[in-house]
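In order of appearance the chains are A, B, C and D, and numbering begins at 1 in each one.
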Amino acid sequence: MEKLITNFNYVIVVILMMIGLWAMLAQKNLIKKCIGMPIFQTGIILFFISIGAKNKAKVPILSKFVVENSSAIIVNDYANPLTQILMLTAIVVGVATLGVGLALAQKIYQQHSSFDEDEILENQRK
Amino acid sequence: MGFLGYILISTGLVFFLGTTIGLLRFPDFYTRMHAAGKGDTLSTVMILLGCICLVSMSWLLALKILLIINFIFIGSPTATHAMMDAGNKAGATPWRKDSK
Amino acid sequence: MNTFITAAGVALIGLMLLVLIRAIKGPTVIDRLVAINVIGTKSIVLLLFAGILFGQLEMFVDIALGYGLLNYIVSIAASRYYQHRKSLEPEHSPGGSPVS
Amino acid sequence: MSALPIWQFDVLLLMLVLLFAVVALSIRNLMGAAVVFGAYSFMMCLIWAGMGAVDVAFTEAAVGAGVSTVFVVSTLYNTGATMQRRTGGLAFKLFIGVVVTVAGAFLLSALPDFPKWGAPDSPVNATVAPYYILNTFEDAHVHNIVTSVLADYRGFDTLLETTVVFIACIAIYSIMRVDNAKLETDEPAIVAAPRYDPSDSLIVRQASRFMVPFMQLFALYVIAHGHYSPGGGFQGGVILGASLILLAISFDLKFLLRQWSEKTLMLLVAAGVFLYAAVGLACVFMGGNYLDYGFLDSVLPGERDMARSHGILLVEIGVGITVMFSMIAIHINLASNGRFDRGL
């Protein structure tokens, strides 16, 4: 129970991933599926960012003062940059893949004039 | 200077409270838009000005925040206009006294 | 000062929650759009508050500036959408709109 | 050092973000769902900022406010779907819910083994990451550690991510693009949108005309100043793309296509990746490894560390070009239904 409070971020991560996965599997509407995909994705991004966050740390940008006086850099003053760059690219790639999903949905709508999975399947059987 | 900052931020929060109440309580889209369009812009501008007064910062930083205020001052009323236009074109009906 | 900013930020988030009620309830899409626009403008303020609390405002002000510039694109897109598609109906009465 | 992490904000915002996710999925009107999804992205941006990930927050801000919602809106515009069909299938939804909950329970069972939230001595923070923090200024003369890791230490990763954006753009192009000449005979156009409409709002057009130059100037600043403050090719590219998308929305798609023809757009999408790869190849010719910018010091001004700094700038420009034009190409494809003549 105590872990539930200190590791609160992971709980949110898991719940976000569950919501996204549920939306992608259970929602019949293609647009809703396309919205569920980024929710799942932000769950994973939140996992990475929150695992790299440090208590009482600043943003990972060296200040002019530290650099010019060549004073020792204290590692724990800066948040983890590595997890951040892994996720930074993932966001832009995510919006590009969202575009691919929407393009597919739009093409399917042109064929079947519906976003609904059941109707599309019915149309195909005819 | 700091005192002015506290006052400006508090006033901005009060205006935002007004916006929120207006958004929640007004009966139709146009009146809600009235509350949101005016109160939102004004409260944001006030809080940002309060930030400039409250925190000691370089002039470049203050200029950047003033630029944000400038863009909000142009962008937010444009958005309000566009949404009002959208509501009008889409056929949102205005509230009348005799409508329920 | 930090306590005041923290309190103001928590108050802003609380008021945003109230605005979210309009986004959940809002009978038409346009109502939701108004609420979301208000939330977007207030995110700019919250970003600046985060910058003040971190003590590194110069790093956060760029993000806020980007938000200030980009915040109204969605409203204009929605206005274009409703210029050509007159399909504004409360969700609980589907009426004659194309259901899919 | 008044470094104060704002966990109290974060806990509130994390609750709020769950609420937004649920609301976005439960609204039956698709346009409403798209709009609320935009606000979900605002909240996420605030959370990243609260955890000190400013670059990620910037990317999320540019993507969430500028492009992703507009993509969904243009898809809805071209299809004309407004409402989700009210389907039964409650048993199916519940079954999926149970499956997902079981999967989530498995993940949650690992909860006690994770390091504490914000612990500085967790394996992630204590093994590899300190090297970057300690050495980035000596190696590459860059203040922003994220930029140097992005474009220099992990340059391969970013090159391939840029390629993924490029490939996604190509995929959308090949899915959506239709031949205008054939279209009339094959099937009737689903949307009979009017052409340029003079009754468009003058206010919106004038405001866009005022804002777009500032947006582009700001985006160039973001790309160039990414060494010292949050920013870089991805953020600047998305803002540049959003500025042209704003032009296309507030004027007309034709207005944009008069200046950027279809061919130019697609060539420029490829040109960004090409610039990135070419900088890497130039390093090979100068005698170093692929993407080892230090060996460009005879071409670029400065010593080896400054050469790395300038190499990073070149690479960021390449990323910016690809991201900008792929965002525009994706928008035009989605908004015009692949016809490249008119649309949202």
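Here is the rule we go by: a residue touches a chain if its C-beta (ideal position, glycine included) is under 8 Å from a C-beta of that chain, and two chains touch if they have at least 3 such contacts.
Please read all numbers here as calculations on a predicted model, not as lab measurements.
Common neighbours of chain A and chain B, listed by label, are C, D. Counted by C-beta pairs in contact, the busier of B-D and A-D is A-D. Averaging C-alpha coordinates per chain places the centre of chain B 28 Å away from that of chain D.
Note: centroid distance chain B to chain C, computed from Cα atoms, is 11 Å. Work out the mean CA point of chain C and of chain D, and you get 19 Å between them. Among the residues of chain A, those touching two or more other chains are numbered 29, 58-59, 61, 109, 113-116, 119. Contacts with at least two other chains are made by residues 33, 54-55, 58-59, 62, 65, 69, 71, 76, 78-79, 81, 83, 85, 87, 100 of chain C. Under the contact definition stated at the top, the residues of chain B that touch 2 or more other chains are 71, 75, 78, 82, 85. By the document's touch criterion, interfaces exist between A-C, A-D, B-C, B-D, C-D.
Here chain C touches chain B in the complex through residues 1, 4-5, 8, 11-12, 15, 18-19, 21-22, 28, 30-31, 33-35, 37-38, 41-42, 44-45, 48-49, 52, 57-58, 61-62, 64-65, 68-69, 71-72, 75-76, 78-79, 81-83, 85-88, going by the rule given at the top. The touching residues of chain D, when paired with chain A in their complex, are 1, 3-5, 11, 14, 17-18, 21-22, 24-25, 30, 33-34, 37, 40-41, 44, 47-48, 51-56, 59-60, 63, 67-68, 71-72, 75-76, 78-79, 81, 84-85, 87, 89, 92-93, 96-97, 99-101, 103-104, 107-108, 111-112, 114-120, 122, 124-125, 128-130, 132-134, 136-137, 143-146, 149-150, 154, 157-158, 161, 164-165, 168-169, 171-172, 175-176, 187, 190, 228-230, 234, 237-238, 323, 326-327, 330, 333-334, 337.
The touching residues of chain C, when paired with chain D in their complex, are 2, 6, 9-10, 13, 16-17, 20, 23-24, 26, 29, 32-33, 36, 39-40, 43, 46-47, 50, 53-55, 58-60, 62-63, 65-67, 69-71, 73-74, 76-81, 83-85, 87, 89, 91, 94, 97-100.
By the touch criterion given at the top, residues 54-56, 59, 100 of chain C touch chain A in their complex.
Within the complex, the chain D residues that touch chain C are 1-6, 8-9, 12-13, 16, 19-20, 23, 27-29, 31-32, 35-36, 38-39, 42-43, 45-46, 49-50, 52, 54, 57-58, 61-62, 65-66, 69-70, 73-74, 76-77, 79-86, 191, 193-194, 197, 200-201, 204, 208, 211, 214-215, 218, 222, 229-231, 235, 239, 242, 245-246, 249-250, 344.
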